[in-house]
Amino acid sequence: MNSYSLTRSNFKDIFDRLSAEYRLFGPKRLAGRGRFSDTDLITCDFLADIDELEFEEKSFMSPKSVVFPADETTFVFNEEEFKEPLMRDQREIIVFLRPCDINGFARLDKIFLENGDRVDPYYQRRRQKIHFFMIECSSSFENCFCVAMQSNHTDNYAVALRFDKESIEIQIRNDHFNRFFESFGTKSAFTPEFVKEDAVKVELPDNDEMPAEIFNHQMWSEYDQRCIACGRCNTSCVTCTCFSTVDIFYPDSRTCGERRRVWDGCHLDGFTEMAGGHSFRKNKGDRMRFKTLHKIYDFRKRFGFDMCVGCGRCDDVCPEYISFSSCINKLGSTLKGEKA
Amino acid sequence: MSADLNRKKVTKNAFRITKRRNHTALRVRVPGGHITAEQIAMIADIARRFGDGNMHITTRQGFEIPNIPFEKMAEVNAALNPLIEELQVANGVSFAASNSGYPAAGMRNISACIGNRVCPFANTDTTAFAQKLEGQLFPHDFHVKIAVTGCPNDCIKAHMQDFGIIAICEPQYDYDACIGCEACEKVCKRKVTGALSMKNGKVIRDARRCIGCGECVLACPTGAWTRNPQKFYRLLIMGRTGKRNPRIAMPFLNWVTEEVVIQVIRNTIPYIDRYILRCLPKEHIGYIVDRTGYDVYRREVLENVKLNPEAKIARTMQWPGYDTLNDANMRSADYWKG
Amino acid sequence: MIDNPYRPFAAEIIELRRETSAEFTMKVKAGADFCPGQFFQVSLPKIGEAPISVSSFGPDFIEFTIRAVGTLTNALHEYRVGDRIFIRGPYGHGFPVDKFRDRDLLIVAGGSGLAPVRPLIQKSLAGELGIRSLKLIIGFKNSEGILFSQQIEEWAKKSDLTLTIDKAEPGWSGKTGLVTEHIKKFPKDNLKNLEAVVVGPTMMMKFSTAELVLLGLKEEQIWVSFERLMSCGIGKCGHCKIDYTYVCVDGPVLNYPHASRLID
């Protein structure tokens, strides 16, 4: 393991050298593209230039799109055959992201690589190309509760970075990347630190079995009115993996089209709609319950650890000020028999 | 000593003749209707020291300080210096604050809705735009009313102005980020014009139907719709209240830039100067356009204006309104007894 | 991508049979051996994909019995012998046929729920599953809705079969009443050696299983098959998840103690 101290201009050179061999992906600020006018959208996307990397703020969208794009063509078809689209850019991918998001990938892996004993080839072909460049969190952001979810820490990175005012401190775990850094900067003893405390305190219920009363408990009914089923909490979440399949056809072709998979989410209308219009979770409160239990209970029951990594994005993005972390705490009090 | 006033000079100086003999009311300009607590304290102080402690909030977002004795005008003007410094000079007007108060009162206070400093719907900082207009247009003597509103909801009633400026946005679509949730399509259909439709799980925007409100941007969960950071405006013209022919302002220019809006309003001043009927005490701009016709107005104010490529110009112009003369429509109670 | 579980393969339609006004059975040429109760993802390019149970299979054919309710199923309705559809599968856990060996089997099926149990009935009657005895309670809303009527007649010859419609109808001389009423009449002796399968609409399954428990059956002896919205069929898309259970991979056939505790 080597550590270096770099200047900004060193880092720019390294970034350019990395760009020649890898595709770089990370938080990216789109000026003036926020939901409100004159605000910025911080998304996660491929980076053409070091200046595009937003290393100070938390992104609105998560980096999951690098392995699980919002809309992905799975097949191109005509009436005879289904063909997978090629992955044109075969370069490996460096992803700049934070510890919670790295831990988020372990959740994505469970679903896409293991669940149902089948490997999702579209996920896998990107996933195996990925190297994590971890951006250290010097302190947590507004809605983070990573400590409660034990996802504030990780060793799963190729390179760790600290962006100081003047310098950039890096630690290399994957020696393969040494050659990019050796000739720049000075050796140092830098090791990244991890946040030890978040402002948001979450007490996680650790029930192995959720009492049946919880499913129909009136604690969920407040969300019937509050949630507008916009789906932001699902789409921005680094660990939500749900999708729907759609076939599209080219208007000018009689025979050709594409099969695609597109993000879906359990808060969105239609997620459980069956023939005849019957929905299993019509009420928003039931959707909130379903999401909550998936994130902090039934995923663990299946895979041994919680799904939610406490990145707090769902709280960041909810237009109705529904706080997921508060909901977990309400569930905790309800379980303890306290009045939520 | 009897008061001997040059009424026209007084009025031009933003003091008005009031019902109460020997007393005036001062109109304080607050461009964009935005003011700091300190500034409002300064206005209050003028009201306390020179008036009777009352202030009136005008529909145009200015203040009127009534019951000021005419002989206090010079002192009041001196007291206005810091306000003029902050609200006019700081915004770039061509005059200095020099103890002489407001140099003109023809162009009314430029009002604005609260805009994007607060409102989620607003497509621009309307306060800043109003302040910029103040700097570019004030002072002049022609009676012109301008208001800036942040979105087509038009909370400031831009439709009742000589120049109503509506901030709009060009929604831009990131095809790859769209998950086909239909939230944008629904909101545009329900609240706006139905400019969006779904095809193959993606959204198609009919640019001719889109009014640039930005509802789709607000609705989109994935940021697939974002505003083009280049800002656009719709300029409505020649709306008015008044005793003869109240009517709403109609779109003259659409999808134009801030520069175009400012230039067109600036070009209107010499147009007024060329055509105004000087035999009348004052002729409102709308009535001048009625006399010259829209074509002449359009040609003259667009001269030398460099239009942005997106700009659209109204081909013809008709203003919905009514003639107050039309009494034939009004019937006494007997008629309704039938 | 050599190993792409999402890639469907073409299967030629070799036979079509109308069952009711809305349902038809489509036989396609495809070789496979699998477990009764499993399903395929059936698709038509440009139209879409949906899970459809195998309603019969042999070494070189698969049958699907399809109810035309939406985009894909209506489009399939237009297909003719010789046309090709696309399928991938088989998916999910079917009926635990090993556990049924040497046991008495009671199958309660309601409406289109008969389709997924049909292979189970066929294999049982063909003696392939080593089942001790087979009893069937099959219910339909009305006589119009009866699926596989010819076969039901044949099955009746070889097993203890109750065919019932919900309410009496002119011209109907058979049994009437909901399946639950016929479960009530089931002999209570020898329940120890019984395995019961219940498949049908949600409400029908709910009341039938309750009735079986009342009868004295242990929950472990009851098996149900679930239907949920599905997109992938292989445990990725999340649509079919209930609690920690993925209906597409852990089900669709679930043991009742498991199924009864799942709340959507």
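The letters A, B and C name the chains in turn, as written, and every chain counts its residues from 1.
Here is the rule we go by: a residue touches a chain if its C-beta (ideal position, glycine included) is under 8 Å from a C-beta of that chain, and two chains touch if they have at least 3 such contacts.
For clarity, every value in this text was computed on a predicted model and none was experimentally measured.
S.K.: Which two chains meet at the most C-beta pairs?
M.R.: Going pair by pair, the biggest contact count turns up for A-C.
S.K.: If I average the C-alpha coordinates per chain and also across every protein chain shown, which chain's average lies closest to the global one?
M.R.: A
S.K.: How many Å are there between the centre of subunit A and the centre of subunit C, using C-alpha atoms for each centre?
M.R.: Whole-Å distance between the two chain centres: 38.
S.K.: As a quick test, compute the distance in whole Å between the mean CA positions of subunit A and subunit B.
M.R.: 45
S.K.: With centres defined as the mean C-alpha position, give me the subunit B-subunit C separation in Å.
M.R.: 69
S.K.: By the touch rule stated above, which residues of subunit A touch at least two different other chains?
M.R.: Residues 246, 248-249, 264.
S.K.: What positions in subunit C touch 2 or more of the other chains?
M.R.: none
S.K.: Within their complex, state which residues of subunit B touch subunit A.
M.R.: Touch residues, subunit B against subunit A: 116, 120, 122-125, 167, 169, 175-181, 183, 199-202, 214, 217-219, 221-223, 226-227, 229, 231.
S.K.: Under the definition above, what is the set of subunit A residues touching subunit B in their complex?
M.R.: Interface residues on the subunit A side: 30-38, 41, 43, 60-61, 69-71, 230-232, 235-236, 246, 248-249, 251, 260, 262-264, 268, 317.
S.K.: Write out the stretch or stretches of subunit A touching subunit C in their complex.
M.R.: Within the complex, subunit A contacts subunit C at residues 74-75, 77-82, 84, 111-112, 115-122, 125, 210, 212, 215-216, 241-249, 257, 259, 261, 264, 266, 271-276, 280-281, 286, 290, 293-294, 298-299, 301-302.
S.K.: Report the residues of subunit C in contact with subunit A in the complex, numbered from low to high.
M.R.: Residues in contact with subunit A: 1, 3-8, 10, 43, 45-49, 67, 69-70, 84, 86, 227-229, 231-232, 234-239, 241, 243-244, 246, 248-249, 261, 263-264.
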